[in-house]
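Chain IDs A, B and C follow the sequence of writing; residue 1 opens each chain.
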Amino acid sequence: MANDARGALLRPPASRARSDRALAYLLLAPACALLLGLIAYPLLRAVWLSVHDVRLLQLGTATYVGGAQYLASWADPAFWIAVRQTVIWTVGVVGAQLVFGMCGALLLNKPFRGRAFWRGVALIPWASSSVLVALMWLWLLDSNYGVLNDVLRRLGLLHTAFAWLSEPRTALPAVMLAAIWQGTPFFAVMLLAGLQAIPEDLYEAARIDGGNAWAAFRYVTLPLLRPTILITTMLRTMWVANYMDLTFVMTGGGPGVATLTVPLYAYFAAYKRLAIGAGAAVAMQLAVVLAGAVLIYMRLLGSVEAAE
Amino acid sequence: MSPTLRNLPHRALLTVWLGLVILPYVWMLVTSLKDPRELYIFPVRYWPAHPTLAGFAQLFQSTPFPRYMLNSFVVATGTCVIALTAATAASYALSRLPMRGKRVLLFVFLATQLFPAILLVIPLFVIMRSLHLLNTYGSLILADAAFAVPFATWLMTGFFNALPRELDEAATIDGCGRLQAFRYVLLPLVAPGFAAAGTYIFLYSWNEFIYALTFTADTSARTIPVGLQTFMGEFIIRWDLLMAGGVITAVPVIVLFMVVQRELIAGLTAGAVKG
Amino acid sequence: MIRSPWVRGIRPAVLCLALCVLLIAPAFSQAQAPTTVSYWLWLDDPTDPMFPALIKEFNDSHPGIRVVPQVIPLDQFHDKLVTAISAGSGPDASRFKDWWLGEFVQAGALEPLSPYVARWSGRNDVIANLWNTGRISPTGLIYMMPHQFITFYLYYRKDWFQQAGLQPPRTFDEFVAAAKRLTDPAHNRYGFGLRGGGGGQDQWLAFMVAGGARIVDALGHVVVNSPKAVAVNQWYIDLYRTQKVAPPSAPSDAYAQVLGAFEGGITAMFAHHVGSSVLVTDKLGATAVGVVPIPVADPKAPATMATMAGNMMLRGSKNKAAAWTFVSWLTERQAMDEWSRSRQGQLPVLTSLAASPSYQNNVFFKTSFDEAKYAITWPGLPGVGYVSAQLWQQLMQQALLGQISSQQMLDRIATALASK
């Protein structure tokens, strides 16, 4: 491989371009092999399932039903509640993670004593498995034994046991809080890495121009971090929209349907009702919407790259 | 203003931020030191009356937890090596080499992340069985790597794109081949990207649950998240084991990241990039 | 035969052939190796040495069979089993809940056990009513081997009842009266720990049947939305909504919260089974904890609910004979005794064991066995899996929050149960 490349440089331009292209495909091969080999078929299978009436345990018997399962989901009021809550969930969680993650990245970027240690510690929420995070927050939010209520009681703000997860108004924000906590370090680390690509002299220039810290952030940090922010936010949007572990363990979508989201709805259809075709149809709709969001991101990202 | 005073706002904000991040974990640590009988006491006790390490002792003596940790470590490291290699190669190609349909390819990469894993698991199970990989590290490493590669590739592409092309050209003029330029000039400069992508891949694999549950059959390949779940029975939840396990799980990750994060130290590469 | 004298000295080609046969020989010798039975189960406490010891005991005493167990977390047990079977794989035999019977039988995934049971010598020792937990109408075939069961009764704070001069409740009216007397929100005290969250459907069903409601009638028709059932369900909902004898967290409380509230002196009563007896007496002391059968609307028609953790065999298994040997062995007296006495232990399904002093002298076990005679289980309908795993919780919570009526809740449950 290395010899080919070295040879390529010595050859005339036309053949060099050809061999460069060959090298490109060669380098892309492992990643593509992984994706094609392991994800392509399951994805196509999911598409197929969404237009067939299929039940788990009996995958052998499938009837083609076209868009019927898509239409059926639209007729269910709970589906629309789930859609609304998925939007709130995704925008709220990703937005808050981005803001807090940015704060964390900036704070951890400045030198201070024991920085290596604290940077490792900041990873704790991200290094905890979802079920544990869910149990931990259940425990923190418990109406009787939870630390949150105890602190509020001591401050005199709360007089009876308040059940955060039993109130439809507070249940979704409470689960979102756990999700924000869990995902913030991800943003912090990604943005911290992005900060390193910003040359120090740009800040010096900003300082000489008489700008304050905010100006430096606004006109140097933010524009140069934009690609990292966009990529990370885009990916995170897809994951958070599809993320259901916390809701599943903490509330099971409840009380009632107060924390039901689209992936949870799809999961219940597929694994509790055993109607995997219907579940796939619901998940497919989420995937299409997210694909649209990705295209918008890519356009934004494209404009960033073109500007550089 | 003295330096101490100037640093004050930073220190204060940093303390608040880190406090919010670690307090829930500290509470888990305190809970892990409680005797299970001390859990349901009203009002809340902030320090156990009889702190005990019994949960930790039992975790290591009478459960396969050490084995789960080993498995998690092997799987996460294996995933890291495979996914990081594939992603770095792909992102170099996407950033530096001529080819058609880059955007489409990047979009296809992302399309793999659009769907909840639970709905992909059955066909994946069939694939793993036909490869005879069920209940092996291989099944988890391959599945985790496949799902981690797209983001790692995107991230690394961003880092390669941030490096000026003049660097490669200067290197080729100096007589380096393309791959030598890659190896000796670009690779050291994308180190922050490596640290970030590597951390992401490692932790993705470390926490992955659905595939670990579905593809493993016994303690030989089972990872920590699934192992912890077995402490939740039909009528008994072993809070002591769960909390002790939760505390232990984060420790190797913290240590590992403390080592890796050197790559994230500001200024190490700034000069070269400027050049 | 390969090494018989005439082979020697013949041409190398034949030797080659012999070598090939020798290489294949191990495959033949494997036919004499023990039959491997893969068995899936969940354990309440994975540190319990009982189960590994039991497996060793079986494998040692049955040289022709080797049981290979796989322990799976209960929360994921159903999903993992469904995934494996759907992908054309799965164990030979598995621990199983009655909730899932209907859907698995409908899908043709389970082996009918009736022919095996008919030949099994231990069948007469199993408590007669409990065979119904694995029986599917209309064929009447048995698909699940009874193993460990539980019946729901009421735990109450003996000390609080004495202080208030109250008798343990036997009827719905006495139950509500006692619950109201012991409720004092200002001091964070509530009469009854109602479980509206995960797993609450079993407690709910216990009160439903105790109130005279039924899921299905004698002919197997779904009657869960009959006027009678709607009224009992309304009564149950009102414990939270109008009587306000349940804590504010009731709609989302799962087992851990309900148990915690009782242990912490927040609730005076909660409905559960022997699974909690050691925990609550450890915490509160034996003198503070009392137990009575689930209160009933009509003392002449007592009822409660029972649920079974049994064993099933997969239709796709290639080792059914060996699997049956293991599954039936688990229900035989020796193994049953070991299991029931362990930390995993629930109630043994054998009459002979139930009669032994260690069970009869324990008030929690005795109450459970007394109730076993009239206890009712979830019917073997395909929709039960969905209702018990998700739908009930969603609808119950909506009803507790006043978003839907008792009638609407039960109509939707009836539809889900009656669908194919």
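As a convention for this text, contacts are C-beta pairs under 8 Å (C-beta built on N, C-alpha and C of every residue); 3 or more make two chains touch, one makes a residue touch a chain.
These figures come from a predicted structure and were not determined experimentally.
Identification of common neighbours of subunit A and subunit B yields C.
Ranked by number of C-beta pairs in contact, the top chain pair is A-B. In this assembly, the C-alpha centroid of subunit A lies 14 Å from the C-alpha centroid of subunit B. The distance from the centre of subunit B to the centre of subunit C, with each centre set as the mean of the Cα atoms, comes to 38 Å. Multi-chain contact residues of subunit C (touching two or more other chains) are listed as 83, 86, 188, 256, 260-261, 264, 266.
For subunit B, residues touching at least two other chains, in rising order: 39-42, 121-122, 229. Counting partner chains per residue, subunit A shows two or more touched chains at residues 59, 144-145, 271, 276.
Remark: subunit C residues 42-47, 49, 70-76, 80, 83-84, 86-89, 188, 255-256, 259-261, 263-266, 275-276, 282-283, 309, 343-344 touch subunit B in the complex. Of all residues in subunit C, those touching subunit A in their complex are 78-79, 82-83, 85-86, 103-104, 107-109, 185-186, 188, 196-198, 247-253, 256-257, 260-261, 264, 266, 385-386, 389-391, 393-395, 397-398, 400-401, 403.
Listed in rising order, the residues of subunit B touching subunit A in the complex are 7, 10-11, 13-14, 17-18, 20-22, 24-25, 27-28, 31, 39-44, 82-83, 85-87, 89-90, 92-94, 97-99, 103, 105-124, 127, 142-143, 145-147, 149-151, 153-155, 158-159, 161-162, 172, 177-180, 192-193, 195-196, 199-200, 203, 206-207, 209, 224-225, 228-229, 242, 245-246, 249-250, 253-258, 261-262, 264-270, 273-274. Residues of subunit B touching subunit C in their complex: 37, 39-42, 58, 62-63, 121-122, 125-126, 129, 213-214, 217-218, 226, 229-238, 241. By the touch criterion given at the top, residues 1-2, 5-6, 8-9, 17, 20-21, 23-25, 27-28, 30-32, 34-35, 37-39, 41-43, 45-46, 49, 59, 100, 103-104, 107-112, 116-132, 135-137, 139-140, 144-147, 150, 153, 181, 184-186, 189-190, 192-197, 199-201, 227-228, 231-232, 234-235, 238-239, 242, 244-245, 263, 266-267, 270-271, 276, 279-280, 283-284, 286-287, 290-291, 294-295, 298, 302, 305 of subunit A touch subunit B in their complex.
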